[in-house]
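Consider the two complexes below, in which chain A is the common component and chain B and chain C are the respective partners.
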Partner chain A sequence: MANSTFLRFLLLLLYQYRSKHAGIAVISSLIVALLSAVLFISQSIQAETALQLKAQPDFVVQRIRAGKRIDVPVEWLEEIQEINGVSSVTPRVYGEYYFSPREEHFLLFGVDFFDEQSSKAIEKIVQETDLRKFLSKEQMIVGDGVKKFLQEHYYKGFYNFKNPDGEIIKVPVYSSFDKETNIISNDMIIMPMELLRSIFAMDEETLTDIAFNVPNEAEWDNVLTKLHLLHYDIRVITKEEITKSYHNLFNYKGGLFLALYLITIMTFILIIYQRYAMVAVGWSIKDVLKLKFFETSIIVLLSFINGVIIAYCYVYLFDAPLLSNLFLGSENLSNEVAFMPVVDFGLLGSIFLFFGIPFIAAVLIPVWKIAVTEPKEAMK
Partner chain B sequence: MSEIFLSNEVLIYLLSESVIYVLILIAALLSLQLIIKWDFGSYSEIQFTLEKRAYLVMTIITFAFIVKIATLPYFAYGIDKLSDLVPGAMCASGVIGANEYGYPLLGLKIATVFISGTWIIINNLDLQSPNYPFFRIKTGLFLLIAILISIELFLDFTYFGNITTTKPVSCCSVTFGQQGGSNPLPFGLDTAKLLVLFYLFYFMTAISAIGRYAATGFVANILFLVTAYYAVVYFFGTYIYELPTHKCPFCMLQKEYYYVGYLVWASLFSGTFFGINSLPLKWFAKKDVLYTYKFSLFFNTLFVLLVSAYVLVYYLKNGVWL
Partner chain C sequence: MIKGFLVLALLYTAALTSITAHMLFFKRDSHREKIMQTLSIVNLPTLSLSTSYMAAGIRGYTKPSNPSYPDMMPIDTMSFVYGE
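Then we have the complex of A and B:
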């Protein structure tokens, strides 16, 4: 059989059953689109969190009593500074401020503006601030979500914090930081440490926790051992652990979705299996098989490409309305995230395998049935 | 259920493997029936139905094997992705070694892909001739592969089910690095001798491919596969990583090295696959299958040029050897 004849028959076949093919192709495209949209979102968020985590301190030390975190005494700071290989030891004072009418909370973060910062994101914010102007009175720098929240609730450039004794502390907003760092800092407020202590009524000589870096990765285990030898009531959180738990979380959300999605795929495949009986043409088995196989492959490929393009537009051009809540959660100040396009071949391959293999596998047997139909029967 | 199963890549990989396994199972049952009742001389209706069914079996198997070959690199990719989750693992090496099923699974997968490739070639030969001369050989071979794939699927699930995310595993520098000065190379070879053998075996494969000496090619390609494995891990790899202490067959699959590992291992496996297969095919078909020699020469040469280029480029850039 000449190649051009084969091609002509293939096109003819596709054209003749175009409405049937179109139906299958539209449904397949939608199935692929939904699947890829979820995987794209998950992939982007993972890439973004990885970027954020890089800017986080390597170690965080907390104090534990009765299984709960309590404040750390300031003396621990010097003890940690004496460990070899440790750098940018930062005392941190922070806490959640609960805004009861809306059932939302802000993350208040106290910063010693003259000290070295272990978090690179905060370091950047501190460097961009005109300290003389900022520190001239008690002010705060707020995240994007907080800024919007204040505007919506008629706080024009300030907020009245209430401390546990019932006193009202009015703090003006100095500036806000940009959208780039949105996932972690959306609901964050940065202010001088003393101001934060007065809002939460904390002791002068205590810290929430201590963050520091160990530039040499090979030393991480040694430092960990030394920390545990210092105190018995110590809890150390490493950046590795946080990265892993984030990874697990996204895997969990994406994986659960995939597992449920399996049912959809299987149902679809069953429908395909039953509906795929097409009129036989009465050629030799080999040629019909080949023809049908290529026909199916073209439909699979077209739906795959269509679906991926739809998902790409949905996620990266329109920022995935509705679906993004599945991953980001919407309980607190709403996160407005611009997804950055991260598409690798591994992901595309995954989508293709997940969709293409069951599809082709399902049509193999019906296609064979068509191929072996007697010409006599086919003409009936 | 372990959280490993929720990793997207693992989930999709296991789904593909299961779907393919269902197909293989159908094909195996039909094959059993075929091989028992097959009589090409007969003109009965049964034989006629069987011949039709043979087409179904052939189609299913061809599709299944193509997918099998495609999922081998995907398996490596999925394992590599897991290295973020498994403590201590920096690359696929640690994850593969996470439990006792990993290495047998990997070995079995490569073996299955090799034999499946042979099956596809025999099937093509069979289709080209008018009277199914290799029918019994290929059906028998397929039943053997079906058994291997059953074991493989079992290992797939036990392997992924038994990876723990709490127990640390050893990183590739522990598995492949020199411990206590002992020599990791077999037969007390040193790097210089290994390289001499590597190029020597390569020339043997090249000569047997050009001269179409199937038996020599068979031996030469097996020897070449083994030496090439050691040469890549203990010599060429260090140039790919540009670090004399980094010895690992898996890290080169990562993005940092532009995924070159896939090309390295694919060209080596393809080259030796065709080289080794020339002999059994000649034996079955009673004639030389010419393209196996061509492909063997092409892929082996590609592989050798690729790994040698890394060494030369490094030397030209830095003016020293590692």
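Then we have the complex of A and C:
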């Protein structure tokens, strides 16, 4: 009965000051939503990159001259294959094609469509792809961002590439990648390797770089030494370097976000700092603190749930417009990524603690201070 | 008054249930499979970052450079997000 009276009084109090509580709840919800949205996006990207890193080759060999990457001769493929312990040696031909009128660029990949693995993957990934029809002439498959770009610039089903010699090479668009793969394929164009070489005016006997695996990790150092003994103008990129690059999402600048969040929450807490004098009307200190604790806890909990719901819908249902640009950039083709839902409950718990405890403390400390003062003084 | 709070509680329950259902029934396997298949075609795992032409488009493989001023390091905005 006592609890029921307490609950009724608590609800009455919340109802009585609903406009004040609503104001606080709206601001709190927005703070939690912003923080949760940033963390949801970063977790989703981290999950996607972890997936991509599984497909990452152990080593990539590039050729360097005067500090710049230059093309690798095809003969290097055989030389690398002959090193003991090396497997899956893959030639790669790719590069960025610059569209000067709009200062935008596409990432062009040359694919050996006669390679069994590539052709099977293409048949699966691009719906209704008839590989025979696709290979009957020189065509390309484009990412969703490229497709939109071409439509906006009145290229209906084709694009005129200009090679360094000034020749125009008209390439029809055969199909496009699924929007679900936008996180890796948005600015991507794949086409036959020979066609790509003619667009970049590359020598037929050259490659952009060579990727390979060394299944036995104990052999890695040995293979690296052998490679450096073979050629002196090489740069070897290891899987670890790439992993570090993508895993360090907000690694050293994460502190900046945390600092901004703390400044925001502290400012807000100062605003909600308030005084009560219920002890003057006959309440015990315990009752006053209990009532304020539950009142504040309800507001904190509702604001937290609101914030998380808003962030979830914003990131995973509406694909985080604007905020996703922070992670994916906005200087080239616009990228509408469908984020894969990843929710780390441990992290949500931490956000709740970072948000809830200072909030409750900001209300309870002044209330306690007032509650322990003499009623006469409190009423002055 | 109590009725109003009960309606609010029901709304929150419904919203949280919908989110949980969305999270549980999201087709993760199909999403992952499509990404892995795309990767198996190009053999180059990279995020499709919308960076300027002079910034490092493929992180780890290319270095930012300015063709007009090769000695001047251009600002790579993505380095504020991804570590090196």
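By our rule, the second predicted complex is superposed on the first by the 298 of 380 C-alpha atoms of A that agree within 3 Å, B and C clash if a C-alpha of one lies under 4 Å from a C-alpha of the other, contacts with A are read in each partner's own complex, and residues count from 1 in each chain.
As a convention for this text, a contact is a pair of C-beta atoms (placed from the backbone, for glycine too) under 8 Å apart; a residue touches a chain by one contact, two chains touch by 3 or more.
Values in this document were obtained by computation on a predicted structure and should not be read as measured data.
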**Report entry** Partner with the higher number of touched chain A residues, chain C or chain B
**Finding:** C
Query raised in the report: Does the superposition put A:Leu323 against chain B (first), chain C (second), both, or neither?
Result: neither
Query raised in the report: Given the touch rule stated above, what does A:Val72 touch, chain B (first), chain C (second), both, or neither?
Result: neither
Report task. Check the residue A:Met140 against both partner chains and state whether it touches chain B (first), chain C (second), both, or neither. Result -> neither
Query raised in the report: Is A:Leu51 touching the first partner chain B, the second partner chain C, both, or neither of them?
Result: second
Query raised in the report: Does chain B (first) or chain C (second) touch A:Val61, or do both, or does neither?
Result: neither
Report task. For A:Asn248, select first, second, both or neither according to whether it touches chain B, chain C, the two together, or no partner. Result -> both
Query raised in the report: What is the shared patch of chain A, the residues that chain B and chain C both contact?
Result: 244, 247-248, 251-252
Report task. Provide the residue numbers of chain A that touch chain C in the complex, in ascending order. Result -> 8, 11-12, 14-15, 45, 48-49, 51-57, 60, 62, 68-69, 90, 92, 94, 96, 98, 103-105, 107, 109, 111, 117-118, 121-122, 124-125, 143, 145, 177-178, 180-188, 190, 209, 211, 237, 241-242, 244-253, 302, 305, 309, 312-313, 316-317, 325-335, 338, 340-341, 343
**Report entry** Residues on chain B engaged by chain A in the complex (per definition of touch)
**Finding:** 3, 5-9, 11-13, 15-16, 19-20, 22-23, 26, 52, 55-56, 59-60, 63, 67, 70-71, 74, 77, 81, 84-85, 87, 127, 165
Report summary line: Residue set of chain A touching chain B in the complex reads 39, 42, 243-244, 247-248, 251-252, 254-256, 258-259, 262, 285-286, 289, 293, 346, 349-350, 353-354, 357-358, 360-361, 364-365, 367-368, 371-372
Requested in this report: Name, in rising order, each residue of chain C that touches chain A in their complex.
Outcome: 1-2, 4-5, 12, 15-16, 19, 22-23, 26, 28, 30-32, 34-53, 55, 57-62, 65, 77-78, 80-84
